[in-house]
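Quick notes on the structure that follows.
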Amino acid sequence: MSKESVKKLKARLSKTIFGVSTPAGKAFDITLIILIILSILMVILESVPRYHKNYGDYFSVIEWIITIFFTIEYILRIWIVERPSRYIFSFYGIIDFLSILPSFLGLFIRGTQGLAVIRGVRLLRIFRILKLNRYTSAGTFLIRALKASTSKISVFLFAVIMAVIIIGTLMYLIEGPESGFTDIPTGIYWAVVTLTTVGYGDISPLTPIGQFLASVVMILGYGIIAVPTGIVTSEITMKKLNPSEGDIDSSEFEGRECPECGTVGHRKSAAYCYNCGGHLQDHLLD
Amino acid sequence: MSKESVKKLKARLSKTIFGVSTPAGKAFDITLIILIILSILMVILESVPRYHKNYGDYFSVIEWIITIFFTIEYILRIWIVERPSRYIFSFYGIIDFLSILPSFLGLFIRGTQGLAVIRGVRLLRIFRILKLNRYTSAGTFLIRALKASTSKISVFLFAVIMAVIIIGTLMYLIEGPESGFTDIPTGIYWAVVTLTTVGYGDISPLTPIGQFLASVVMILGYGIIAVPTGIVTSEITMKKLNPSEGDIDSSEFEGRECPECGTVGHRKSAAYCYNCGGHLQDHLLD
Amino acid sequence: MSKESVKKLKARLSKTIFGVSTPAGKAFDITLIILIILSILMVILESVPRYHKNYGDYFSVIEWIITIFFTIEYILRIWIVERPSRYIFSFYGIIDFLSILPSFLGLFIRGTQGLAVIRGVRLLRIFRILKLNRYTSAGTFLIRALKASTSKISVFLFAVIMAVIIIGTLMYLIEGPESGFTDIPTGIYWAVVTLTTVGYGDISPLTPIGQFLASVVMILGYGIIAVPTGIVTSEITMKKLNPSEGDIDSSEFEGRECPECGTVGHRKSAAYCYNCGGHLQDHLLD
Amino acid sequence: MSKESVKKLKARLSKTIFGVSTPAGKAFDITLIILIILSILMVILESVPRYHKNYGDYFSVIEWIITIFFTIEYILRIWIVERPSRYIFSFYGIIDFLSILPSFLGLFIRGTQGLAVIRGVRLLRIFRILKLNRYTSAGTFLIRALKASTSKISVFLFAVIMAVIIIGTLMYLIEGPESGFTDIPTGIYWAVVTLTTVGYGDISPLTPIGQFLASVVMILGYGIIAVPTGIVTSEITMKKLNPSEGDIDSSEFEGRECPECGTVGHRKSAAYCYNCGGHLQDHLLD
């Protein structure tokens, strides 16, 4: 194969793997998403003893098909990018490696079924594929609103933790081990379960004074839930009324992914990754 | 009966069945609503063994009265509309058919009591009767606000599903089958029960580290609930501050129903259904 | 006693019982509130077998003191007002009567302890005493905001009821009696318990498909809670941004109570009750 | 030691203990926070029988190190301030004393392990150290928004308490002792558990009518939660739209603490405590 044809092949593969604008790129992305979801579903189902016993063999076959596909993809990525080492040690590079590792380890070492759970990191790969679109723009909006209220939410969380420690200790002193409040950590656990209105009922106060305190805590928790909601809501409303100048207009962005470090969110006109300086493929090849 | 008198009869029936502006039309609608609620109540009560045993006969009689009424209505609807096939295969046409089917099937086939539940589709008929009024206008407002925040809510749901899968898997690994976390699906089920603050208590962590993780999840869930609330609230507030131009002024609409496809929400001045082109009766007959 | 002195006495009593601006009126109101709370507390405590056995006699004595006080107050009210019949058959007149009735019935008839609970209506008397002040003005604001969103909340409630019926029926079909879903009403009860995130855990799904549906319901309920919050919040925010012209400026009102029908919220300058036309005492006697 | 050098030493210690702007002051604050958290953690862990048995000795040693550090700090504070009596009887002075008392009492008296919990007051010391910064400014904002809605929240709480009393009494009458509703306080406890959507499940209705009422209560509670959220959210949003003139610009404040009464939040330019008139150290020593 001539050097020229290799370069052309690389360019074509690049467009498929890193781009989203070509039909091939889209098909590749959708295949990946389906395989990831399938593979996550299998990790989940394999943990059920009954399914593992009856369908274990089918699971193995599908798992190997997925692993081989991911392995080929991993090798191609290394081959294509200009600086492979940068990709290999990037965040997504490590995830790509971890998502194929357990299957191969299982070949050589026995009793690595526990490692199967590591395959769960494949879930993270989904974020790379869900590049910049309507949804990530909405996601960005939400994260931005949450970030703007970080300090308020921290104060709130601090107050909740203090309250939970004080209430848990009080209930431990009032109820004691007979009611299931065997120690202060258990009391704090109960306080969290109650204040957040989860209410398992595995531990619940039995003495009248304990039930009274519990009632106060519940009504408190009822009111307290208003605080984070209020913070987030007002932040979102404000963001809508006065979109700050720095806000990204997501329509300007194309869903391209840097082949070297996996960063997404590059401007349409960008030719180089703003994170690592690698060549952005779609632009390069026009 | 002359052709003329048949046409007049059809017109009169049309006004009663499809219109809401005449006293007969209103009475017809109210009768229908009462019969539907009665029939739903009976499906519910019949499932209670005690009631089924004691009042089963009364239920049968009432059920047949309702079925006969609905059957007559169904036949009349077919007879009146210009293109019966279009009505029969429309959404509401199928619902009308399904709501009378189980009773007749019960005549010919034994052991079709399970089919009785199909009668529950009658619940859907209520939506046709609750045509455009103060309530559906409020409903439209709410649906509009929810739709405007679809992409944000999707992102939120996606994040919740991811979180639930990760938390469920972690708890399965930490707690194991002795605490009731028999497999990952059960762990995910527990995570949903906890994150949404439902907290049945059928499965709850027993190890200290599991209880600690559970506490973190609960406080997380407490904060997370703020996000959809914030999204919906700000959307409603914005909609109120700046009602968009495209918003329908509901007062302009009359609660007419297309006799052929069952669509509602036609403009006062409309003579033909905007959905299927069928004649709108009230207008036609003025 | 001369007619004149009787009239003067009536006027003085009027000021005490119906007014709030004099020290005597305030003292009277505070005494009443304390007695009502005491009497409610006693109804609550008497239901505890242990307290009833040990302190039953003390409770009786206190109960009779309160009853006698309320009886004197009731007789005075009848004596003072111009048209006693109007007071007697007014809302608060009936409550005043019901709150002393059980004690006297207990004298003549045996086994009327169940009636003691009727004394609970005394709780309602508290509303009359909490006349127009900072708190009722805040209460008015809240009620107004809730009323403005009645139609939206009705639609929401209707949707919730429909959802609960459908989900309850589905779970009854899926889980069946072995899991505790003995009939459709139980299924609906479970659906309410789950959708509102209460989650007792007395009934919970056991089959995988039931647990999956339950998870969907919970996440749904999680999102649904955003809707009423959004409605109320935006209504309160709008009310604050644009206080409508018709809104009462509560500072203009004095906490006077109509002696005949018990209505409160009269304008400072009012001499007659806007509800029944009775003389408002404070004004009359200046 | 000459009087002059004593004064200089006092001044230096003052800067370290009461100031935050010097490196020594910052290091002192961070050391204190770590010791407080460590000491709280130990109170919590000591309550677990297993840890107490295995690591009890280590806990004792750490506890004494912390106690000695706090004792030295306490003595220094008394020595440094101009009017020791004012510091000793101030809020933080008493807390400082209580946080070292239990360890010393344990030396002389046996069986004072119960007192160990008093060491929990050390948690309160953390508030003094978390002087005015980004977080307390956010905290101030939240407290301000909550205060502005006090009257509305009080009305809401009053309504919730009334509802809970009425519902609890009704359920006691409907369900009776067989379902666990042994008395009205238990009924009220159940009503709180249900209305706040906690739902332990330790008590739950068994009769159909009880389950129906419970369902109504739950849906009610579902709607009621919207009210405090609405109040707080709209208050926060309003505060953001129109920051009132009286609001403190927190950037103007320095995190200085009055050495005599422990008050924080003094203006940058302040030389005397606005609370007790004591000299503020940092300023004094420039």
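A, B, C and D label the chains in the order they appear, each numbered from 1.
Here is the rule we use: contacts are C-beta pairs under 8 Å (C-beta built on N, C-alpha and C of every residue); 3 or more make two chains touch, one makes a residue touch a chain.
Heads up on the chains, UniProt names are A, B, C, D = Voltage-gated potassium channel.
A quick note: this is a predicted structure, and the numbers were derived from the prediction, not measured.
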| item | value |
| --- | --- |
| Maximum centroid distance from chain D, chain identifier (CA atoms) | B |
| Which listed pair, C-D, A-C or B-D, duplicates the contacts of A-B in over half of its pairs | C-D |
| Copy pair chain A, chain D: interface residue numbering same or different (half cut) | different |
| Superposing rotation of chain B relative to chain C, computed on C-alpha atoms, to nearest 5° | 90 |
| Gap in Å, rounded to a whole number, between the CA centres of chain D and chain A | 34 |
| Rounded Å distance, chain B centre to chain D centre (Cα mean) | 49 |
| Where chain B touches two or more other chains, by residue | 185, 188, 197-201, 225, 229, 231, 233, 237 |
| Chain D-facing residues of chain A, complex | 151-152, 154-156, 158-159, 162, 165-166, 169, 172-173, 182-185, 188, 194, 197-201, 204, 208, 211-212, 214-215, 218-219, 221-223, 225-227, 229-231, 233-234, 237-238 |
| Touching residues on chain A, where the partner in the complex is chain C | 197-201, 229, 233 |
| Of all residues in chain B, those that touch chain C in their complex | 40, 43-45, 47-49, 117, 120, 123, 134-139, 141-142, 145-146, 153, 157, 160, 185-186, 188-189, 192-193, 195-202, 225, 228-229, 231-233, 235-237, 240 |
